[in-house]
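Have a look at this one.
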Amino acid sequence: MLRAYSILAYLFLYGPIMLIVLFSFNSGLSAADFQGFSVKWYAKVGGNSLMLAALQTSLIVAFTSAALATLMGTMAALALQRVKGPVRLIFDALTYIAIMVPGIVIGIATLIALVTTFEAANTVLATIWPGDAPLQLHMGYGSIIAAHTLFSMALVIVIVRARIAGMDRSLIEASMDLYADPWATFRQVTLPQLMPAIMAGFLLTFTFSFDDYVVANFVAGPLNTLPIYVFSSIRRGVTPEINAIGTAIMMFSLVMLFSAQLLLRRKSAPQRA
Amino acid sequence: MDRKDFIKQLRRYQKGSISRRHFLGVTGLGTATAVLAASMPHLLTRRAFAAGELGDQVNLTTWPDYHEPKNFEKFTAETGVKVNITVFGSNEEMFAKLKAGGTGWDVLVPTNYTIETYVGEDMFEPLETALLPNYDPKFYTDARFTAPGDVNGKTYAVHKDWGTTGFVVNSAKVTEKPTSWKEFWDLTNGAHKGRTMVHDYQLTTIGNALKYFGYSFNSNDEKELAEAEKLLIDSKPNLFAINSDYKPSLINGDAYMSVCWTGDGKQLQKTDPAFQYILGKEGGEIWADFYAVPKGAPHRAAGYALINFLLEPHVNRDEVLFHGYPVADKRVIDLLPKEIISDPILYPAAELLAPLEFGAAATLTNPARAEIMARFKSA
Amino acid sequence: MSAGTATIAVPAVTERKQSGRWLTALLLAPSAIWFFVLLILPLAVVLIYSVGVRAPAGGYQAAFTFDNYLNLPARWTAFKNTLTLAPLGTLICLLAGYPLAYFLAVKSSARWRLILLILVIVPFWTSFLIRTYAWIFILGGRGIPAILDAMGIADVRFINTPFAVMCGIVYAYLPLMVFPIYVSLEKLDKRLLEASEDLGAGPFATFRQITLPLSAPGIITGCMLVFILLMGEYLIPQMLGGGKVFFIGNALVDLFLQSLNWPYGSAVAMGLVVIMLVTVTLYLRATAATGGRRDASLI
């Protein structure tokens, strides 16, 4: 019965997706009226340089912010186990606040804070910089990655700490007694146990950043991320081209997933034998 | 730039201390070449534009379905500059984003009632009309459509098009023939409950509610605004949606009526002749949109090139054929086919135009109107 | 063993403690910097703005007044909407997500587990906006209502209702609920379940006494994440609610982008954050009090 429920759940998750895929092959103009089968929208997507640029931006931002967040978040989660008192309280509070603050608020607040800081910094840089083209700070890759990393890092801290909280300490203690080197303990006992949480954190934060519209809308400056591009396209009338974009991205992710799974299987195959 | 400065920059360029792009930009040679090439496209080849160094991108902030995409392709082919479009649903949002800063926009399309405020907040630069040879004020048919772009004697914005705000009706579903705002609101709350849309910004929503009572579209009178607010809040449960992106819902049949702009009405009618664009008898809004350049535009030269390109009469005519909004430039009107000029949607009869009012700058900044809108949305 | 090595180990312990402190500081430094520059600084801006006044042309004007806070009740409807729909949405997400997480962590075979897990998240690589537009289609005139119409049930309205918003919410927040629960269920030792079965406990008793308590950290994490994020949501109510369902997030967008009343918007934002802090603290105190293991709690 649990299996039946899970199938239902997956159908629920993929229902709208199948709709999107179906309409991406619509030969008509509207994304609501299926008129016939055609792949022309995919050709259009391939030639849409603005969309491709937005996609590239999104990928770079998502990967960088997820990597940074996972690294810093895991480090912080580990460190917070060794800390008590006010420091821990402050970090806990900051972590929750980072997650709690609505995207719209942090988006606007970060924008205003960064614009003000950049203005001041740029005036200083312009005066002290040697030469004719002083370094000037702008909203762009730096600001989006930074803003996304904040929320993502807090998310990773929460997830990894939940895992650490339920971890079997006796294994770690035993390892510490057996090995003199805490680094080895970490690498061979703690880290593998934490891996699922770390991977879950990376995946989740990559997804969050790749799909984020609200924060990016404010701090991206002149850059277009894919959600920003999609949103302004949707405003101009939904054509099946949007569906084609969505389908293409999903197909690409599935391909990556299956090739990763194949690679992993091949790696572990000798062990199994 | 005087001769000594010019020589200094030239020496720097020859030494390699500055880039070619910087040199062309700072001496103005780049812009001059670009503008020259823009106004005489047949004389100069594409390579001339590479020398002009307009950059590879220009950021245009505008309204939905407002430009012929083929024109942008032409522009890119001629200049090598890609046009990056951001679209908004209301002037208030556009203003808020620009005010917050860091946007990177090069060209803006503001509506008449906002320009004074933009200038007052020092967000626009006075236009260097020398860079816009296709802009010629003497060809404009009506000063009302161009005057808002001039503030304190300086030109901050040039006319793009004008239009009206009425309402669109799907006559296949709405068999009554409404001709006034009173009927619009009555049908919303009566026979066609749950099938009407209004815009999500204060100017037209509050304005057209005021029109129900026959008050001025721009009224800031407390009593009149209170009556309009009551109408809005009472109507809210009967509305389909409060959204400036109304076309999709109209096309797929979820909504039958909506507050609507001229060109959208035309585009809807082209999709399905059952759509009728109607100007309320009591009045409503008449407006004009402009091109402007915000202060600190990162691709300023490309921005000017784009505006100039879009103002060229033949290009502008193609724009009109696409978006369906009337233009006040006589050179363009002369190029338009007769069906367009006599189209009652684009060029309504005089007696329908007469009661219409231009949006007033005060409505943009009036906190009372903003509060009414907020209370309406949260009701 | 410890007693025997005590005298020898003492200097090593203090040494370890010293380098331990360095290590801790090093591990915490990057996140500390990030928190400061990208959280504290922007929030300070919001705080300063919240005691300012609206500039005549919109925006912020320097001032010091508590009027904005005193005016918060004007947005009571938005607060009420959010405080009713957010918990409801969280509950539905939990009820929908837990079985799926359980299936993935306990019942699925190891070969398929990773794939199935990532399949949960792959739809979310299709762009939230496009997926929500698909829902607008499904719930709109040409979708389910059209099917119902063909079956004879006419004039059903789903789109632009709180129901539509709820559909969108559950659809969007499901993985956020599933992942933490999965993470805590995944380390559940299956032998405990077998042992319980061998001892004669029925599946429900096993679930109640073993599985549920052990997955408590995951449940708490998932619920908190979903609830908190729901409180700040504005896109789903806007797209699926047609501008008629007004969350606090929508009120904030309106204040910042339409009314241009940034000081008041900042006050509303601060009010929201305070409400969330209070709710979360109470929630955690309550769950700790009901006997959750000390290490299971996150504070």
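Annotations
Going in written order, the chains are labelled A, B and C, and every chain counts its residues from 1.
Here is the rule we use: a contact is a pair of C-beta atoms (placed from the backbone, for glycine too) under 8 Å apart; a residue touches a chain by one contact, two chains touch by 3 or more.
Computed from a prediction, not measured in an experiment: that's the story for all the values here.
Interface comparison, A-B against A-C: more C-beta pairs in contact at A-C.
When chain centres are defined as mean Cα coordinates, B lies farthest from subunit C. Here the CA centre of subunit B is 39 Å from the CA centre of subunit C. Look at where the CA atoms of subunit A average out and do the same for subunit B: the two points lie 36 Å apart.
For this pair, subunit A with subunit C, the centres built from the Cα atoms lie 16 Å apart. For subunit A, residues that reach two or more other chains under the stated contact definition are 32-33, 108, 112, 234, 238. Shared interface positions of subunit C, i.e. residues touching 2 or more other chains, are given as 137, 140, 142, 256. Contacts with at least two other chains are made by residues 252 of subunit B.
Of all residues in subunit B, only 12, 17-19, 22, 59, 64-65, 82, 84-87, 89, 100-105, 245, 247-248, 251-252, 298 touch subunit A in the complex they form. By the touch criterion stated above, subunit C contacts subunit B in their complex at residues 54, 56-59, 74-75, 77-78, 137, 140-142, 157, 159-160, 242-244, 246, 250-251, 254-261.
On subunit B, the positions that touch subunit C within their shared complex are 90, 92-93, 95-97, 99, 117, 120-121, 194, 200-202, 236, 239-243, 249, 252-254, 364-365, 367, 370-371, 373-375, 377-379. Subunit A meets subunit C in the complex at residues 2-3, 5-6, 9-10, 12-17, 19-20, 31-33, 71-73, 75-76, 78-80, 82-83, 87, 89, 91-92, 94, 96-106, 108-110, 112-113, 116-117, 146-147, 149-150, 153, 155, 157-159, 161-163, 165-167, 177, 193, 196-197, 200, 203-204, 207, 210-211, 213-214, 226-227, 230-231, 234, 238, 242-243, 245-247, 249-250, 253-254, 257-258, 261, 264. Within the complex formed with subunit A, the residues of subunit C that make contact are 1, 20, 23-24, 27-28, 30-32, 34-35, 37-46, 49, 96, 99-100, 102-104, 107, 114-115, 118-131, 133-135, 137-138, 140, 142, 171, 174-176, 179-180, 182-184, 186-187, 214, 217-218, 221, 225, 228-229, 231-235, 248-249, 252-253, 256, 262, 265, 269, 272-273, 276-277, 280, 295-299.
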